[in-house]
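Pasting the structures in now, so scroll down.
Two complexes follow with chain A in common, the first pairing it with chain B and the second with chain C.
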Partner chain A sequence: MIIAAVPGFPGNQTSLNPVGPGAGRIEGEFALIFWITAIVYCLVLIALIVYVARRRHSMSDIPEPMPTTPQSDRWAKVAVSGAMVVTVLLLFTMMIGSFVTGHALGNMNRQTAYTIDVYAHQWWWEVQYPNDEPYKTVVTANEIHVPLGVQLRIHGTSRDVIHSFWAPNVQGKRDLMPGYDTDVMMQIDQPGRWRGQCAEYCGEQHAHMSFYMVAEPNHQFQQWLEQQAQSSIAPSTPQTVHGQQVFLSHACVMCHTIRGTPAGSRVGPDLTHLASRATIAAGLLPNTIGNLGGWILNAQALKPGCSMPPNQMTGSDLQDLLAYLGTLK
Partner chain B sequence: MKSLIAIAGLLCVCAFAGCKREQRVFDPGSSGSQPANGVALNEVHAGGPIQVPDQGPYEESAYAVGEGKRLFSAFNCVGCHNHGGGGIGPALMDAKWIYGSHPQQIYSSIVQGRPDGMPSFAGKIPDYQVWELVAYVRSMSGQLPTDVAPGRSDEIQVKKAEQAKKKEHPPDETPQKIQKGQP
Partner chain C sequence: MITTTAIESTAELTDQERLQAARLESVWREPRGWGWFKAVHHTTIGKRYAVTAFVFFGLAGLLAGGMRLQLAFPEAHILSNDLYNQFFTMHGSTMMFLFAVPMMFEALSVYLVPLMVGTRNIAFPRLNAYSYYLYLFGGLMFYVAFLCNTGADRGWFSYVPLAGPDYGPGKRPDFWAQLITFTEVSGLAVAVEIVVTVFKLRAPGMSLNRIPIFVWGQVVTAFMVIFSLPGVVLSSTMLLLDRTCNTQFFNPAVGGDVLLFQHLFWWFGHPEVYIIFIPGTAVISTIVTTFSRRHVFGYLVLVLSLVATGFMAFGLWVHHMFATGIPQIAESYFTAASMMIAIPTGAQIFCWIATLATGKVVLKTPMWWAIGFFFVFIMGGMTGIFVASVPVDLQVHDTYFVVAHFHYVLIGGAVFPLFGAIAYWFPKVTGRMMSEKLGQATFWLFFIGFNITFFPMHLVGLRGMPRRVYTYPANMGWTTLNQIESLGYVLLFIAVCLLLVNVSRSLRHGAPAGSNPWKAGTLEWATMSPPPHYNFLHLPTVNGREALWDAAPNQPVVVGLDEDVRSFLMTRSLDAEPDTRDEFPRPTIWPFLAAVATSIAFIASIFTPWGITLGAIPVAITMIGWFWPDRQPAEHRRTREIWQSE
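Let's look at the complex of A and B:
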């Protein structure tokens, strides 16, 4: 715990390893409260041990109560009042620190921030990058790519029940309410994949509702954004052509979008660039061909209660479908 | 004393019966997750009898009906039927049924489609989800027990919840009085 309180403690999905100014302030406040309470706790215990040791007696030799004198009374008064004053001062220090932290988090610059829309669903995250030219709007899921060192505004709401957006390395929690839009400002200064998770119990699969914030240099981010704004790649081999037909003629098309095909439903995640994402099912499994196949055949065995139904198809249909989904970079 | 034991026994039975509505079956098994492809309205069928899909316990499960309500929006049934009041498609909360009010009949309306606008969803929706939709559609006109029907909506309330809907009596389910003096 003491090691954990040292700033710069490594780790992902921990607020003790801040990679942005928001989490940095929260970590500072945590360290302040931690060290004050830890030191006070140790001092009180030391005082207790010292006085117990000093006035130690055996059971057969029970001492008389300590005689009080006017002088000892005065000492006791001074000691108790002093401890009280110190306690109040320390409590105020923590409270003022908390105010300052909250104020600083609330006052992060809102003018020039880069806006990303986040919609929480049971149990996944829909991410949109709005653009003045609507056809360039990027829609993806569970992976939030962001430019390094740029002020971000996460504009979020929920599509069903109350969720909470929390990437501990980046910023504090923010509840996402259905029917109510909220903004949370953040910034990431260290490149990497920072894991976050829903922080408000939202149903059976609350624990499997995670996301990644992928921080990368601005030019790399712009490249990614441009690539994501494109339509899906048209299938080129007979196998992938058939895979696309399988997608369009099965239940997949009822819920998923693949831009550039007739599939356009907005119930489930957008799959236009599925193969460019590292995980499936909101961070549940790595995006490998085996995991994806298992997920398509029986998602209910992997994430019981989620909206993805079990799908029955022949082995060759599934292979072709997987081959097609694998091309959606 | 005997009556007390009887009442206690009855309460136990009621408690167990009540549990069923909360039972959640996430994985319907291989038969339920087949894509729905049709239903025979009777056993006489050219080329031998075809199997009538199992209706299952969906009309007794509050979870299944709730899922049906979610799917009713997700699959855009609301686009034409609105939230039961009808618009482009017929209303679903009254006693009028053009193609029948029985679960199997509603099932076939969804799977086969109907003239003048109702598309066929054959091969697109797993069997068990069609039954969930059927159960929800029937709850709209108060055909399900009130403890199973959804108690509230996620969107702005413009009508009473399905739970509070007075039961409608479709003519094909209720015997009609024969009016005298009619040819």
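Let's look at the complex of A and C:
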């Protein structure tokens, strides 16, 4: 396969910069089709231009129709038949390439793979790391930490409408549909934050439904997992104690979970380790105090149509709440 | 009375022919004034289809401008997300249901097919009028809803459950579902008319192997319409039932299935693409033939390619659903089928190039559009191979790469041929030539603008930009490409304006065209420009594939039809030997009233299921009026036959 023979693009959300075997194989098939079709396209159009130029009738009148006979068309018949034979052969080449690639993608090993559950919501991603001991199950959102070089099984479905899970540097997309469970096999071989985005139109905020796949060495990943499995740290300063009060006495508890507190609703993202995540609102904004404050006060201005309602609170309440949320590492 | 099918123009008529023309005119003329609503002649209805479809093309084009403006800047707030989602849904739905099919299939075939097969009107002319009004009312309803902030916003495909009762509140998806009903009823009606016109009303001598390729294209399209449209009517009706009658077809919580909708929708949706571009390729065959000054090379191959495309189109619908995760064996089948569609298309392209290469190429405006078609449409075909391969499709599906792909296919396969067709048939329809200079300027502006707008979409799609997003972050490397695309839109906009200027100027000041300005070979050029309401003074007979080029020196005409009623000749399906005579119905207001009653029923059903039950009553009444036996022509005939037998 001709890898990387197509113009690349060094992005973190592009199929042109594969960082795993899935996207890599697809790029190979892409390159095969790219080169065949590009050459054929050029040849066909050069033939067109040459013939139009050569056979052009230069007067402004329209000449009488020409008589045609099977003899006069004989060479055209040969040329067209030849072109058809070549077309069919090239199509078969690309088709076989496609079958081989599809087969390789389909046969990635499921048995030994590390499983991560992804549940799509309008408009964010719920991520779970199942564990045989249920209390160790990790629940987070919009940030999928994965170990490098390990075969992954992303098991997904949707909680509402159809979404599509797509991190192009890693693997092709897969629709997550209500009523259907699906598995996508993938593996990441390069450390980094690889961006993904919902690729099936899912309503008002389809544009703001991204996530990150954070690939890190296995020991780092295990550390992260262990830390995420912990309950939240109890607030220790008067400000953060009050901040937790604010959280528990406002609408926040109606939708969010912070493990270790009475807040246990599963409508919105789990906030137990909110401060450890780099972005908020499904990749819309960097997770800074300012952004988080704006988000809490009026999410509708930032992501119109999302489920997060505007929240009214005094400035000092907000300060304390933000301080508390900032401790949820 | 045997004369040749020499080109007719009033100046050349004998006194006797003038008298005959006056008699025919008095029988066939269309009512004036309020009679506008009674018109049933195919040229009248065909023009209405074309003008209406062009207006919708303009509206959808303006919506595209709104989208390009919004996407010219990252995280822009020019359009709200709600408005943007309505814009792209309206744009897609309008282009597919209110422009592409009504224009490429309905307008072109209704106007041209009866002329090209040499008859006086389309089969079932009242049904034709009815179907036009339904289409018009459906489109008006859709845009009135849009202006009332009830524009459809769930995509032109309206997948469930997003468009279902739980996630699509309000009435927006209901208006979309009923738009489908309106346009599909109208499309099905025209399909039936075209099939019957082509198989029963051809000029004597036009056996199956002499039917013009344009007509073959439209007849294949008509069959595809008949077989595919029920799929989308079914899915949109089930959606409407889920929304208004609490059925649960698509609700997974109680055993409904969200994938069912996609299968039904794409059973229609894929053939739809071919329904749009088969007429386009048929136009290209016509233009290439006329402007290469020779019979098209490989007539049989071209016809079989059209038929093969029509059949194969029904075996590929799943390639729109590769990302849903389907079994590998099905993947392989649909990949193979999708790639094989390139064979008939490739065969057509090679035949056209062979025709050009062995003819004398006359570079008039229609031919320029045909050349543009080659550049654009073949590119769309090539990117089609990428999306046919399952693994590659999983990366490009629902990205801007696909947006680029299908704009290359559909603008290349429909709009380029359409603009060529406008330049080509404008002299026939209006009797005046369009300006060559303006025409070629329009072509170059449109061609360049098109590529600037849509080529970068391939790149931005490969760089990871999904479709149907109302905005995007600034740091993704997409901004510059999006801005180039938006600039290209400006050129496209100017090009379409220039086309309109050319049309309106030529309507008044264009040089008189005469009956056959391009010295073309098909029958529509055998009559005056514009054609009279009886189409042909002398109904022609046919002696070859290009009727006018192959006409014998004393080619006979059809005689023996009554001239005091709207009589026409029916011929046999295969060899087009004369079979029987029959009469076309006269103009009447009933199809219009029936369309109004049907529209009321359809629109009411958006708000209450009783809309169909109670709405059926006025529909039944108008239908009774429509089919009320009209004895006068029969009386005429009986009197005449008695006279003749004596």
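Note that in this section the second predicted complex is superposed on the first by the 290 of 329 C-alpha atoms of A that agree within 3 Å, B and C clash if a C-alpha of one lies under 4 Å from a C-alpha of the other, contacts with A are read in each partner's own complex, and residues count from 1 in each chain.
We adopt the following convention: a contact is a pair of C-beta atoms (placed from the backbone, for glycine too) under 8 Å apart; a residue touches a chain by one contact, two chains touch by 3 or more.
Please read these numbers as outputs of a predicted model, since none were measured by experiment.
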item	value
Partner chain(s) touched by A:P21 [first = chain B, second = chain C, both, neither]	neither
Chain B versus chain C as contact partner of A:P235, first or second or both or neither	neither
Partner chain(s) touched by A:A251 [first = chain B, second = chain C, both, neither]	first
Touching partner for A:S164 - first (chain B), second (chain C), both, neither	second
Chain B versus chain C as contact partner of A:Q312, first or second or both or neither	first
First (chain B), second (chain C), both or neither touched by A:N298	first
Which of chain B and chain C A:G243 touches, first, second, both or neither	neither
Per-residue touch tally on chain A - higher for chain B or for chain C	C
Touching partner for A:P178 - first (chain B), second (chain C), both, neither	both
Residues of chain A that lie at the interface with chain B and also at the interface with chain C	160, 178, 304-305
Contacting residues of chain C [partner chain A, same complex]	80-82, 85, 154-155, 159, 161-162, 166-167, 252-253, 256-259, 292-295, 297-298, 301, 323-325, 328, 331-332, 335-336, 339-340, 342-343, 346-347, 349-351, 353-354, 356-364, 371, 374-375, 378-379, 382-383, 385-386, 388-399, 462-464, 466-472, 476-477, 518-519, 521, 546, 549
Touching residues (chain side chain B, partner chain A) in the complex	24, 26-28, 30, 33-35, 70, 74-75, 123-126, 128-129, 154
Complex interface listing, chain A residues touching chain C	9, 11, 13-16, 23, 25-26, 29-30, 33-34, 37-38, 40-41, 44-45, 47-48, 51-52, 54-57, 62-66, 68, 72-73, 76-77, 79-80, 83-84, 87-88, 91, 94-95, 97-99, 101-103, 105-106, 122, 160-162, 164, 166, 168, 171-175, 177-180, 182, 184, 195, 197-207, 304-305
Touch list for chain A against partner chain B, complex	160, 178, 249-251, 253-255, 265, 267, 298, 300-301, 304-305, 307, 309-312
